[in-house]
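Note that the chains take the letters A, B, C and D in the order they are written out, and that residue 1 is the start of every chain.
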Amino acid sequence: MFKPLNRNQMAWRAAQDLEEGTVVNLGMGMPVLAASYAPFGREIIFQSENGIIGAGPEASENERDPDLVDASSRFVTLAPGAALIESAASFAMIRGGHIDVTMLGGFEVASNGDLANWDMQVPNKGQLVGGAMDLAFGAGEVRVIMQHQTKDGSPRLLNACRLPLTAPRCVTRIYTDLAVVDVEENGFLVREMLQGMTQEDLQSRTEAPLAFARDIEPLTPPDL
Amino acid sequence: MFKPLNRNQMAWRAAQDLEEGTVVNLGMGMPVLAASYAPFGREIIFQSENGIIGAGPEASENERDPDLVDASSRFVTLAPGAALIESAASFAMIRGGHIDVTMLGGFEVASNGDLANWDMQVPNKGQLVGGAMDLAFGAGEVRVIMQHQTKDGSPRLLNACRLPLTAPRCVTRIYTDLAVVDVEENGFLVREMLQGMTQEDLQSRTEAPLAFARDIEPLTPPDL
Amino acid sequence: MIDKRVGSVSEAIQGITDGTTLMVSGFGGAGVPVDLIKGLAQSEVRDLNIVINAIRFLETYAPSLFQDRRVKSVVCSAFRGRDREPSNYERQWQAGELAIDLSPQGSFSERIRAGGAGIPAFFTPTAAGTQLAEGKEVRDFEGRPCILETAIKGDFAFLRAAEGDRFGNLRFRGTQANFGPIMAMASKVAVAEVASFSEKPLEADQIHLSGVFIDRILVAPGTGA
Amino acid sequence: MIDKRVGSVSEAIQGITDGTTLMVSGFGGAGVPVDLIKGLAQSEVRDLNIVINAIRFLETYAPSLFQDRRVKSVVCSAFRGRDREPSNYERQWQAGELAIDLSPQGSFSERIRAGGAGIPAFFTPTAAGTQLAEGKEVRDFEGRPCILETAIKGDFAFLRAAEGDRFGNLRFRGTQANFGPIMAMASKVAVAEVASFSEKPLEADQIHLSGVFIDRILVAPGTGA
């Protein structure tokens, strides 16, 4: 048997791939959690599209400043060397290719890298796109953190997205509660997988065909 | 007989029309001289396209700061409340219609308001357009300060410009060494003229037909 | 002497009439011109065209705008209501009573910047090939499909800053700036509410937005979000 | 630990090769990266494509670039020489050896901003109906003819600031910024020379350009224009 990663563990795993000196934008939810799990001492510059270049950790109760929030509307701090900008400059940065990596939540990813993460088509509810498209089109690399399946057990790694696209052919890597999956020229390639899980187990939870790396690694997060 | 205005007097006359609270960009040469002759106590915000909003008077010898120059490359000071910006923001301001008045030098103005002030077509010499076109297209009002005639006595207020245009139909008023001339729907309208000069005198120095305002005023600058 | 201060909210919003296009800054509670929004709600203007990143917080501070069907159209990057039940504006949108122009937040920002910078339209790859590109002109640049986005301008803009002076110069704190500078530039009349007023003109290195883009300053110390 | 300082001019300009597109900031002596320009002159690279507002000051600090015909093309808003006699670059232009793309300074700036902001092209009224619009696509917006201008990008950018820190954050004095921020954003490798280096990271309210746009910092205290 195998035990899926919890949200913190998924965020932890994604954070391990963030390299020293890179500029990273984190989407709402699990992605923004990743900032807390970056390896100690590694300098990563977190951009927040409402105007922070160099966001620090979430503010403690008595650090809270109502004028300083991130794009997830959390009270945050500034890291050393942080700069503050207005929205057009922030998105010029994003759209101009100055974000090395964005980590976003996802609803669906197709085996060609198509991403759907903005419109769940909930009846009677309005839409919210925010900065997702700008990030998905503009960032150097788009990585997705999401559950491998929906709550009702439907797959999210698909042959083709069913929901409206955020951007075509943009995703390079997916972190799920079961595996780390790269999007390669020929489709999905599993790099890491939970211990105790078979290739058949993972494929049965995935619509699109999976290839498995020769040097596939076990996905072994710490307790979080 | 009549005595044409000198450069200082032309700049003085142009300056009298700058109103309290307006945002003004002054071109090189006589226009930038005008800043010194604005009526005392009138708050005018001088923009300089290399990045000053609120340029003050030219710096005195010991005020000079090599890092603070205006678009005419003069050492300047900052007026109270001045802001400093980079070039894209400065031209966004100019092109976005946030300059109330620009005063520019001119080679030729046509009776429909066409302006030629950037390319004299000097053989073997390169071109220099600078910010002239952006200002002529973007400013709320374009006023020109120039000699009424060229050095060899050719007219500069023309039926149609001969030199390459800076912008079509942009000029609203011309300050010359002989007169103040508005560009109206039907062509040139003389508002002020040197004392001692006749309408025929002025027309003989002008290619395009001149109309004369009923309430035409004498052009009487102080000694400068 | 230039002095852009106004004495009251009603003076600050004077000139907003039926059919006005109003831009409202603010993100996540920072830079939200709360007093101005509340003042607008208390006025009786109708048929408003609102340009705002997320409709939600307009409803938070001015629910009557939607209860009384006083908003005709919204340009935004988000119009999902907070609750599971549809909000008033979601209902009105579904009923076809409220027109929504949904833009990616970067296109939204850049369209407003373009409005203030004299750029009528620009090409961007963002949204090409997605639902939000439908009906838009597409052209390839460097082998990449791009769509033509048009500028957004306003009659009025509301924004909030930490400090202002008589010239209208503004200093922002933290992430207060967000859409404020571009909205001020893109609008005919820009109204800033400020937490504090500086009797001395701000110094150049304190100014984040020059007062040339601001028409009115309302001092609203304690009530800002 | 991030530290973008380089120890010498040659390290600062490393990677500039024949055919490189180089953007150079500076206006009227302010913000001119003099040491970097001089360093470039001492290198042996050829076929340079230069993006600079006014060619004149490049010749002032690096006359050999033109004497030795090492510049292939220039994008600028001014290429008139200082003297009555034609300069080297004017001669080369006339002889068809030097390609010139002359832009109004605002279009020049906006094209560079576009290059750094992911906008491949935009419409502007500036220059429509003039010689500088020849060959450009024209389209009316709001009844006004506009021309399509395309983005400019660089391989390298040179700029100068008053102060920098290990992150590459920059503080400008006076009018030093001018084309520096947009050129840094529009280039793959941005090199800033700074009058002084701050051992402590600059504070957010001192930073005019974030270090994310700067790749190398050269401390060049006394020689800047």
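The working rule: a contact is a pair of C-beta atoms (placed from the backbone, for glycine too) under 8 Å apart; a residue touches a chain by one contact, two chains touch by 3 or more.
Computed from a predicted structure; not experimentally measured.
A.B. asks: B-D or B-C: which has the larger count of contacting C-beta pairs?
C.D. replies: When the contacts at B-D and B-C are counted, B-D has more.
A.B. asks: Distance from the CA centroid of subunit C to that of subunit D, rounded to the nearest Å?
C.D. replies: 33
A.B. asks: Roughly how far is subunit B from subunit D, going centre to centre by Cα mean, in whole Å?
C.D. replies: The answer is 29 Å.
A.B. asks: If you average the Cα atoms of subunit A and of subunit D to get two centres, how far apart are those centres in Å?
C.D. replies: 36
A.B. asks: So which stretches of subunit A touch two or more other chains?
C.D. replies: In subunit A, the residues touching two or more other chains are 84-85, 91-92, 94-95, 138.
A.B. asks: Which parts of subunit C, given as residue numbers and ranges, touch two or more other chains?
C.D. replies: Each of 110, 113, 117-119, 124-126, 205 in subunit C touches at least two other chains.
A.B. asks: Throw together a list of every chain pair that touches.
C.D. replies: Listed in label order, the chain pairs in contact are A-C, A-D, B-C, B-D, C-D.
A.B. asks: Subunit C touches which residues of subunit D in the complex?
C.D. replies: 110, 114, 117-126, 141-142, 144, 146, 150, 205-206
A.B. asks: For subunit C, which residues count as touching subunit B in their complex?
C.D. replies: 1-2, 113, 115-119, 165-167, 169, 185-186, 201-202, 204-205, 207, 209-213
A.B. asks: Using the touch definition from the top, list the residues of subunit B that touch subunit D in their complex.
C.D. replies: Residues 48-52, 65-73, 84-88, 90-92, 94-95, 119, 124-134, 137-138, 164-168 of subunit B touch subunit D in their complex.
A.B. asks: Quick check on the complex: what are the subunit D residues that touch subunit B?
C.D. replies: These residues of subunit D touch subunit B: 27-31, 53-55, 77-81, 86-87, 89-91, 93-94, 100, 102-107, 109-110, 112-113, 124-132, 162, 172-182, 208, 225.
A.B. asks: For subunit A, which residues count as touching subunit D in their complex?
C.D. replies: So the residues of subunit A touching subunit D come out as 20-21, 23, 43, 45, 47, 53-54, 78, 80-85, 91-98, 138.
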